[in-house]
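Structures are listed in the sections that come next.
The two complexes that follow have subunit A in common; it is paired with subunit B in the first and with subunit C in the second.
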Partner chain A sequence: MADDSLTDIYGNRIGVACRCHSDLCREVTVSGPKLSLRSVLVYTCGVWLLAYAAFCCTENTAVLSCAIILTLVGLMVYIHFFKVDHESLLIIGSLGVQLSSSYASGRECTSFIEMSKIKDVVINEAVYMHRVIYYLCILIKDPADPHAVSSVLPLFQSSKPRLKCLIEVYKTCQEILAQS
Partner chain B sequence: MVLKIFFPQCCTTADSGLLVGCWIPDQDSAVVLAVVHYPFIPGQVKRYLTEIRSQTDVDLTVLGSWSMPKEGQEGMDSFLKDLSTIFPHSRWLQLSREIGKRGEGSVRDENEKVIIVHYDQRKVMLSQLHPVQEGVSHSKMEQSALRAVFHTVAQSHPLFFIDKYDDGPLKLTHWQSEGREASIIAELVKQGSVPVCKLLTWMLSLWSWLGSIRLLNVPPVRFISSKLSTCVQLGYRTEHLQTVSSTRKATEHMEFMRKANIFVSFLLDMALGLLLIAWLYRENRIGKLASTLVPVADHVAKELRELLEWLMGAPAGLKMNRALDQVLGRFFIYHIHLWISYIHLMSPFIEMILWYVGLSACLGLTFALSVLSDMVALLTFHIYCFYVYGARLYCLKIYGLSSLWRLFRGKKWNVLRQRVDSCSYDMDQLFIGTLLFTILLFLLPTTALYYLVFTLLRLVVVLFQGLIHLAVDLLNSFPLFAMGLRVCRPYRLAEGVKFRVLCEEEGTPLHLMMEINPIKVSAVLQYYRTPTYSCYPRDSWMALCKKLFVGELIYPWKHKTTKTD
Partner chain C sequence: CGVLLTTATFAPPTPALVRSHRATARAAGSGRHRICMVSDFFYPNMGGVESHIYQLSQCLVEQGHKVVIATHAYGDRRGVRYLTRGLKVYYLPLQVMYNQSTSTTCFHSLPLLRCVFVRERITVVHAHSSFSAMAHDALFHAKTMGLNTVFTDHSLFGFADVSSVLTNKLLTVSLCDTNHIICVSYTSKENTVLRAGLDPEIVSVIPNAVDPTEFTPDPGRRDDSKITVVVVSRLVYRKGIDLLGGIIPELCAKHPDLCFLIGGEGPKRIVLEEVREKYQLHDRVRLLGALDHKDVRDVLVQGHIFLNTSLTEAFCMAIVEGASCGLQVVSTCVGGIPEVLPDEMVTLCEPTVRSLCDGLEIVIARQRSGSVPSPASIHRRVETLYTWRNVAERTEKVYNRVSGQEVLSLDRRLTRLTSHCGSVAGAIFAFIAVLNYLFLLLLQWLIPDDVIDIAIDGSGPQSCWTQTSSKKGKRKANQIL
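Right after this comes the complex of A and B.
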């Protein structure tokens, strides 16, 4: 399932891929927009023009080297800690659900939730100012009381797909959860 | 129910034989721990398993058979199938490796779905899941499947002692079957550490006996030693050393990590202290330091005297009450004079004192920093005294003013009910009260200014001492060993697991690779930080400001000790 018309809540195009490894195991990957060359260029030029203007006023070359270092460090920090390339959900029947986000620098941040802790996977809606946002979330059981929900874990926080995509993912998850 | 089989990676190339492991019945899973090779005698296998079962509390059984097809062993499959009648079982697994394809197939008795999870046995055995649940194996609480797997592999230590070069009747394949790994240096250190620990324990008991003799426990001495941060640090380090030098081996993970962290931080402390000594005692730096100390004290005294003379004049254009100003100013100037005479009296001995005190840095950098903090406290004792005088005077004035203000309005503070009540005063009471109120009110600016100046000075000193204490606390409590383990051997501190799908084919069950997900660096600090007396502000900012306004004496840093007082 790789639909071209899928967008996130802000209107940017996202890519969704669903793989079926076996009838017990599905993997859904939602990839956000890549880092655009235009924004990098705009940012770099902006910072360097400002630095050059400061250099013209103060005649101190340290300003220029500071600007270069700042641009490089800022870019590295952004692609390592903030820019999410794709998020994936691997659901394995009777074992659990694995969530992973991978950043633009290649860093992967994974977490695994066992099936015994999962109560259900649902689509919730949140009202934020003037918009209603749908999000997919996992309901985690309370260890003391099996019928109560102790916490809600939202999925796809960085890519934020819209309802159409969420429904597909929801159906996939429910197929697997129904079996176990 | 889906059957989950946890299969060690080292056994995927093993020869045909029996699968030995443990069932986890609640979660319908099986953990394979080793493969016993053909030829074997079933009676001996059963005897060996009972022996291991008695040594650990793992319920080891024969799970099934493993077949790796080879040339000249065509009859193996039927032989292995017949084995299921010899060993008692509730379920029997039959795993076989198919050459030419990457995955493994499995032939099962019932039509059930199977997931095969491959794991790295050595890493899972050494790893520890966080949050650590000690002693949970003794309770019958429901454990999560992953915890049960980790626990089973970790507990099956004795099973991994037979390697393939042993002459015994059984041949096993597991992660250590190529031969046990050990390092000579580690073994020697372990053997040598026992007498060293005994000696250290004896010395520490002598030291604590010395510390507890009656003469040193007299209240004044105890009060002073609780205020001096060097004594506090000394007591604290003694406690640490007692933890490290106990000859009892650490059985639980947290205890082991605490011992290791304390040991490593102690070593680092000593190393930094020795570096400091090497730097300090070269080129006669101590002498230079001593010779600059007295001029610095003189300079500070001169600055203070100039400040007081400025206050005695018209500071910042404010007009002060002449008489009170002169009294307070002369009082403080006399104090400074006393202090400087004392410093000058001590000046011939300063170099010697500094030389011997500097040697205490060999006990560690934390000691050197504590000594520095104490020296700063002693040298700025006059500032502390001025602050106390100024604060007390101001505080009295504020209380007097508030009480007389109530009298002015015809009210009174009811001590019994802790509230303000109205009260009818006599004429002469009102008259004297109003007079005193006016006097105090007009003297307020002078006292307030002195109080402000000395409080600011005191806060500067307290800030400096606070920074030193923060550094000492950091050196004491930072878990270096745990951090090093997280960086170099991340699989040992596990937050959870990660799964990766290995190649999938039609007809074969699902194969997953289980890898260890290490804990975050911030979580290392949270779990393994050595509890210390952390210096944190006793009051919030609002409470501090209120205390300053009213004139109460502030002791901004609260020292929380680990023992309950």
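Right after this comes the complex of A and C.
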């Protein structure tokens, strides 16, 4: 399923890989666009130019050191907490779903949802920023009433693939869900 | 004038992508349209415009058109919802200013509305109600995007006071390059044509309708030992509640078996309470307060006579509803009311206490002598007069006509604005139109049209809506995959 033409909602190319471990176990990995050197340079230059402007006015070198620290810390915070390298969805029939996202710094966040808590996996529409987008989500059962949905858990929140990709993942999930 | 010079050389505005969308739409559609209804007023808000949009959309969906509705978010009701038959409603998060109408800046709603128009591949944008800022915004954006536009006016306006002058100016600007305008009565058409300085050729009259199955007579519910006059309206100045306050004591003094049943709420309730207090009519004048739409019929069937005292009305739905429940209708003769019902079904009076009392006296006498037609026969006649299917068919003709027309290119639109709307307002709005176009170009550069996912149709020729779809309508993805 590795398809080069898949993009996210901003038109950036993303990679989607689907691994079939067995009949009951599939893993879908969506990797977002890499951290581009250009945007890092643009932001760094922007902050430094501002700092130089401030330095020219104040003639205080602390401004420059501040700018250097700010860019470094900013970059680290960004790659550690915000920049998601790839997100994966591991679905195992009759057992559950594991969601993991690994950040550019190498940090990984993993969570697991038991199959008994999952009502369904659906594609939904939402207003996001200034647009209306499709997203894939897991409907979590209400423990009190098994027919009601207590919450909705969106998948691939940082890579935001387009509908074409979501449909593929949806089909994969439904195949497994139908078996169990 | 400087604005004119700089913009006269502008390239035609229709973006290539929108044009290609529309070309495919026409080729595949064969008379089927993809319509986006835009108005600030939609359910859960209740009123005439809301039910008009809903019923019209349902009938158009039945005819095989694709319809989506765009309105602003009501409380926590925001996002995308589906109604019966896959009718899709976008509750867009736009700020509400006053009286459920959004604020207008002419720009801020463009990103969201563009997204809706592109992903739903809209061919006709149909805006409702001149009170709705979102409707005017949508018309403006649709014209910038090169889509055909239709506008329905639901209300009458004056010409004299400051607020009317201002709204009339806005309406002139908004409607001067709209493809087609629909009014609910001939009076309303005349009013709109005068207010907005339009060519009457592009204004159609399509009346409202009632759902006759919802308003059925039930003579068993009324008390025949007395005569009950029913009034159902908002208790506001426009509805002539001051006249009602004059009628009640006069007729109650003359006819000891006369009762009034008044449904509705509003600032003029105090007038009626005063009258009731002053003449000790507590047992004969019942004020029911605000009514839910579903309760209206229950109130109507309890009466013999339906009284409408409106001072201005584009098309009076209330008297049709009253007649549909088999009541004798007495109404003021204002606005579009004389066009609504045939003469033998309604008694028309001048909007004065004297004339209304005379009218009511005649009907009361007729009621006593038993020479009125039976409720069932009145209902059968009204049933055929105004149906939503008929409204939808006529609206469809408007869409057919509109979709064949070309949308004004930006340069011609600017010429139209400056020549039709006066030199100052024309120049200002021509400038705004140019800014709007530039903003659209910026958005198209940021998010090109082909990056916006085409939505899966809930209604229309490629609809994937089925009765078995789950409540949220999301499972329908199953069928197309």
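Here is the rule we go by: the second predicted complex is superposed on the first by the 174 of 180 C-alpha atoms of A that agree within 3 Å, B and C clash if a C-alpha of one lies under 4 Å from a C-alpha of the other, contacts with A are read in each partner's own complex, and residues count from 1 in each chain.
Keep in mind that, in the parts below, a contact is a pair of C-beta atoms (placed from the backbone, for glycine too) under 8 Å apart; a residue touches a chain by one contact, two chains touch by 3 or more.
The structure displayed is predicted, hence computed values, not measured ones.
Undergrad: Touch test for A:Val127: subunit B only (first), subunit C only (second), both, or neither?
TA: second
Undergrad: For A:Tyr78, decide between first (touching subunit B), second (touching subunit C), both and neither.
TA: Neither subunit B nor subunit C is touched by A:Tyr78.
Undergrad: Once chain A of both complexes is superposed, is A:Phe55 in touch with subunit B (first), subunit C (second), both, or neither?
TA: It touches nothing on subunit B or subunit C.
Undergrad: Once the structures are superposed on A, label A:Ser94 by its partner contacts, choosing first (subunit B), second (subunit C), both or neither.
TA: So A:Ser94 only meets subunit B here.
Undergrad: Have a look at where A:Tyr10 lands relative to subunit B and subunit C in the superposition and call it first, second, both or neither.
TA: second
Undergrad: Does the superposition put A:Tyr170 against subunit B (first), subunit C (second), both, or neither?
TA: In the superposed model, A:Tyr170 contacts subunit C only, not subunit B.
Undergrad: What is the contact status of A:Glu114 with respect to subunit B (first) and subunit C (second): first, second, both, or neither?
TA: Only subunit B is touched by A:Glu114; subunit C is not.
Undergrad: Looking at the overlay, what does A:Tyr43 touch: subunit B (first), subunit C (second), both, or neither?
TA: neither
Undergrad: Where on subunit A do subunit B and subunit C both make contact?
TA: Touching subunit B and subunit C on subunit A: no residues.
Undergrad: For subunit B, which residues are in contact with subunit A within the complex?
TA: Residue positions touching the partner: 1-2, 4, 27-28, 113, 115, 117, 142, 144-146, 496-499, 501, 504, 509-510, 512, 517.
Undergrad: Touching subunit B in the complex: which residues of subunit A?
TA: It is residues 21-25, 27, 90, 92-95, 98, 100, 110-112, 114, 116-117, 180 of subunit A that touch subunit B.
Undergrad: Tell me, which parts of subunit A touch subunit C in their complex?
TA: The contact residues of subunit A facing subunit C are 7, 9-11, 122-127, 130-134, 162-164, 167, 170-171, 174.
Undergrad: Provide the residue numbers of subunit C that touch subunit A in the complex, in ascending order.
TA: Those in contact with subunit A are residues 78-80, 90, 92-93, 111-112, 115-116, 119, 447-448, 451-455, 472, 474-475, 477-478, 481.
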